[in-house]
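Okay, so subunit A shows up in both of these, paired with subunit B first and subunit C after.
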Partner chain A sequence: MTAVSPARFLRAILPALSLAILLIAVYHLNPRAISPLGFQLMFNLAIPIALATIAQMCVITVNDLDLSIGAYVGFVVCIAATWLQEIPVLGLLALIGGILVYMLLGALIHLRKLPSIVVTLGMSFVWLGLAILVLPTPGGQSPGWLAALMKYKPPPIPFLGGLVIPFPILAAVVIAAVAHVGLMNTSYGSILRGSGGNPKAIERAGWSLLKTKVTMFGLAGFFGMLAGLALIGLTTSAQANVAERYTLLSIAGVILGGGSFVGGRVSPVGAVIGAMTLTLAASFLAFMRIPPDWQIGAQGAILIIVLALRAIIDRLEKPI
Partner chain B sequence: MNGKTEAIVRLDGVEKSFGAVHALAGVDLVCRAGECVGLVGHNGAGKSTLMHVLAGTLAPDRGTITVEADNLTGSYSVSLAQQRGIRCVFQELSLCPNLTVAENAHVFHGSLRGWGWRKRSGELIIRKLDEIFPGHGIKAGDNVGDLSIARRQMVEIARAFTVTDIPVKLVILDEPTSSLDAVVAGQLLDFVRRFVAAGGSCILISHLLGEILKASDRIIVMRDGKVVAERPAREFTRDSLVAAMGSVAKALSAEDAAKLASKRHTGEPMARARSGRQGDEKELRAYRGEVVGLAGLGGQGQTEILRSLFFSAQRRNRNASVAAPVALVAGDRQNDGIFPLWSIGRNIGIGSIRRMLKGWLIDPAREDEMAENWRKRIAIRTPDMKNNILSLSGGNQQKALFARALGSDAKIVLMDDPMRGVDIGTKQEVYGIIRAEAESGRTFIWYTTEMDELKNCDHVYVFRNGCIVADLARDELTEEKVLHSSFAEAL
Partner chain C sequence: MLKRTFACAVAAAALFAASHAIADTKDKKIALSNNYAGNSWRQAMLRSWDKVTKPAVEAGIVAAADPFTTAENQVTEQAAQIQNLVLQGYNAIVLNAASPDALNGAVKEACDAGVVVVSFDGIVTEPCAWRIAVDFKQMGKDEVLYLKDKMPQGGNLLEIRGLAGVFVDDEISKGIHEGVAENPQFKIVGSVHGDWDQAKAQAAVAGILPSLPEIAAVVTQGGDGYGAAQAFKAAGRPTPLIIMGNREDELKWWKEQKDANGYETMSVSIAPGVSTLAFWVAQMILDGKDVPKDLVVPFLRIDQDNLEQNLANTEAGGVANVEYTAEDAQKVVDAAKK
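And then the complex of A and B:
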């Protein structure tokens, strides 16, 4: 066991590899896209998706699944475009309330041993309903500071020859780093992951499983909120079901990034890369001039190819 | 009692029942500083239950638990046991496979926090591994899921001996060497002796009697939830230990023996199987009308051989073959046996659905008829066979599963320790059914962990480590022989 097994290594670099291959393909189709401005345009929408993916990853770490994250992000978008804009205190309270509801759901799922899929599926309708109550027709306006933040252009770095790192890339690095340090490097992070790997062992060692679950659902609510804020900063106006697709995109991102549905095996860096891959796949298909009607299907095909590759790698690892 | 050394743990009159089964029927146990206590007993003797009581994972129904002269009976729990320095290495591994070795050490020691926690945890566990298993080849950064099962067990054992803020006083080792090779197991036993010499205390459970005799100061023998012998280890030999574990061998009456004359001389076997690990020529054979018992300690390959027999009916298998349709009576009722949402009748009928068809559909009349027929034949106690299966007691659920197997066209019935947790009356009824069905030409292959059930078999194979180690006809069968073969040779 001294050397890292080749299968493990392949699995670890697969997310980055798929992103790189897609980038090369995009370059081949349209060389001008590989520039700071091109990156800015292609990856802008990756920021909210990456945040939603991290939120989903928190829930998947403790062997649950959040089917309400898309609706919740939509709810946050509607709150941000209305209350947060008009009465900031009320808006802030509503956002904090959202996180508290998530923590409560975690406690409920743990204490009553409910299947998270059912609970969160139900919650998705609650969030959607709340969002429509807050903003019945598309509209609203994003708070100025959010729009400004999302339009931020980092200054050129002098010692790298004036290279400009596009904001979405910078944001992705920061998101991945924060999540990685929090979950993979801190001591409590190892308990959180352990509670997905072998809950009984964690409980026997005297840790509270209720606390780990509430923590993870609370973090999911927090990152989901950030996703909503990032999204409204980009779109400038809101609509209740603006983030409907985020639920499945976020799950796909986690799995694409090397995570597993059960067993507490997740990778924050991989998840962010997975989210970027999914976003880039959309641009790639646009460059391919595939009609929009077919794009979602083609995006699914890319997903299936990458996951099939992973299944093959896993099979390489098994028969020892 | 010896006044010089204080008792770390004392159990008095501890009882624990699971439904109708008395797992512990009044156990007294004392464990003092500076001694290693060996604990032996056959399947279901109550060893594991006793360990869970000591570790705080099971609360006893009756009796007192005293830890270092404090009576903790009502409040005893896992965390209290840990605060008192009592650790347990359970048989099922309790490491998180998705974490590294160092992270798993942290799970055990919450005080390893803050900057550099990973380094300190890693050093702690590796130092202990070095001490117990020199040359182990494990790194702190290795993912536990990637380690071999033996190395995982080494990490788990070493972790139980690591100390941060609370000194370790008593470590309970439940079959610690089950996946270790002889060299590593020897290292562990040497360490246990050093630990005990330094004032620690150990309880060692093992089915390797040589290990027990070598490492313990005192040996406790359990049977049927009671302590039946307790003496210094030097007063035991392998033979006297085996004798203490078994009940007094009852001589078989002549007429019984005549009734149980071997049916082996007639024709080809209905089923044959051998284990892939079997080194010699021994193989399992079952003839028409025979009840074949699979004995030995739990989990020694009996279930695997039943599975390979069952699946050989669908797909050819090098190691197993059957000459007739097969049915399986599952041991784990809740997971592998019943359909919890269905009625009793439908649970029975699922095994013979083809015979109840009318065109494409199931004929409800024939389904009811079959259910009613079986209710009478094996006396399932229910007012209505259309009631949900869960309305039955465990024993009656098991009867329904028997009815499913017997009602099908299977000529060979495989049984995977199906009578676990079933009351004695129901057991007797089922034994009767099995005998009657065998008379009429069915073949039964029956894995059981209960010695008494073997007396219903015509031929018994004893398993150890996935292999057949003894092949006993009914007239050669004694409890002592089964025990001797079940427990490995002395080291």
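And then the complex of A and C:
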């Protein structure tokens, strides 16, 4: 066993560090925001983004990119607000169908050696079209249990002095833990990551690359579905293009959280923290009274600063 | 001594009464959450907001009235914006919403946190919010009612509609058809889509004109009256009575015709200054007044006698506008209580 190098350690805590700095900055601007209600309001829209980010991470693990995740989440939202509400069985079937389509796409991309960017870009129009077919005008209603779940307020914990952990934080911890254990702590998880890092070696060792690709795309479909369900629980009503921004947010979240586009190098915990950082960055900029036209740019600037820091750390790792 | 004390007491009471009348909301903060600022109507709406709220803040009627616009006209972005406004401690949010339903979750959270939400123009369906809605159907019907007074003998009508498939277009058209059904002396002999655009309206009207009998009047939706007039002129046909929609080019054309040959018509639309009406309604609610949840925006109607005055106040390429006062808001509230 070798000791963890300082550069590696720095890189691992960089996402958490960015989030902590932002939190301190928010506290400085608006102390009221650092409270259970504040966390509830600032982070509840981070739950669907975190789930979409995990979905994107699954695809990035196998060296692909999903440009349809935002439209897919919108499709799930529309299904959940209509069919799942009126005819639960039909809704469930449609949602499972969505995951199956994702698995098929994984197989298609692997077998025909197609660029995933092109396939998923095309699929984004298919999902949007299907969503509009299901729900032509904004409306529908979220199933009651979903809205209740997203509004859940955990009871105070007695042995921590009655501390209330806001639901979005609880959900983020659960999402990060499940993805981390599944991908980082199981043996098949390392095969999955390996199929992105060194596909040839994995293939020679007798594992099916087709299977890993289909698994990862299937997981992306699954987490994307959870993202859509979480989102409809929050908005309580649907619109086809409700999650348009999620495609870029999810990619930014993965990268911000320490992942790389190639090489199977991803971090589930980092990805969830990345998604929360992006959400908090928007609140921070709003509290700063930065005009909205500049906010998108400022959000990008935060992303560039974090990536620049990572590049510096990477350089530390390779002494000249 | 006693007399002086009494005088002091009277003065203090008078002072108290005076401050009571205007300043119950002096430490309250109101925010405008707006989803889109990319057309002249919305720009005028934001300018009106500034024009009315800045003096109101200076006079101490409210502590703050800050406008916030989202960059991308996205539901999730506006939901996050509303949540941030709640955290920033605003007491009321005046909302022009990106979606009638999809913001309900965020609006409910704001209500639960004790924030007053007043939606206008783009209204929300969440029951805890107030709604200042536009009765587009009535607007269409009003056009036919005006024609009924103007030409009791009736005649053929040409209808210019807006953008196909949009809620507003459906509503105005429904109102027009309802008005015509109640006044059978009128008959709609043709209907085209002008997309609320002068050039498109002109092309559409020019295309259908050769097939039409004599037209007595043109019913419109706004942004299309000037184009219709040009099409009639180009075809060499007599200019019918064309209802206008408060756009600057329409009012200017009307003025020219009025000066040249006494042309008569009317013009109706919604003033972008409706944001200031929402501001006063929010202030009234914060003041503890009883305000019904559903209010209706008054139309801005221009007639023969106030044409010059409105044209002078309308900037080139813009829409006729009016800012509302606290008294106007009170009138709207009283009308809704009846």
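Note that the second predicted complex is superposed on the first by the 317 of 320 C-alpha atoms of A that agree within 3 Å, B and C clash if a C-alpha of one lies under 4 Å from a C-alpha of the other, contacts with A are read in each partner's own complex, and residues count from 1 in each chain.
Keep in mind that, in the parts below, a residue touches a chain if its C-beta (ideal position, glycine included) is under 8 Å from a C-beta of that chain, and two chains touch if they have at least 3 such contacts.
Keep in mind the model is a prediction, meaning the values are calculated, not measured.
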**Request:** Would you check which partner chain A:187 touches, where first means subunit B only, second means subunit C only, and both and neither mean what they say?
**Result:** first
**Message:** Just checking: does A:8 make contact with subunit B only, subunit C only, both, or neither of them? Give me first, second, both or neither.
**Reply:** first
**Message:** Once the two complexes are aligned on chain A, which partner has more residues of subunit A within touching range, subunit B or subunit C?
**Reply:** C
**Request:** Check whether A:265 is in contact with subunit B, with subunit C, with both or with neither, and answer first, second, both or neither.
**Result:** first
**Message:** If we overlay the two complexes on their shared chain A, which of subunit B and subunit C does A:139 touch? Say first, second, both or neither.
**Reply:** second
**Request:** May I ask you to decide whether A:202 touches subunit B, subunit C, both, or neither, giving the answer as first, second, both or neither?
**Result:** first
**Asked** In the superposed view, which residues of subunit A touch subunit B and also subunit C?
**Response** none
**Request:** Give every residue of subunit B touching subunit A within the complex, in rising order.
**Result:** 57, 78-79, 82, 94-99, 103-104, 106-108, 110, 112-114, 117-118, 137-139, 142, 146-148, 151
**Item:** subunit A partner contacts - residues on subunit C that touch it in the complex
**Value:** 68-72, 74-77, 79-81, 83-84, 86-89, 99-106, 108-109, 113, 125, 167
**Message:** Which stretch or stretches of subunit A touch subunit C in the complex?
**Reply:** 30, 32-33, 37-38, 41-42, 44-45, 137-140, 147, 150, 231, 233-239, 241-245, 279, 282-283, 286-287, 292-293, 295-296
**Request:** Name, in rising order, each residue of subunit A that touches subunit B in their complex.
**Result:** 1-2, 5, 8, 185, 187, 190-191, 193-194, 196-198, 200-202, 204-207, 263-265
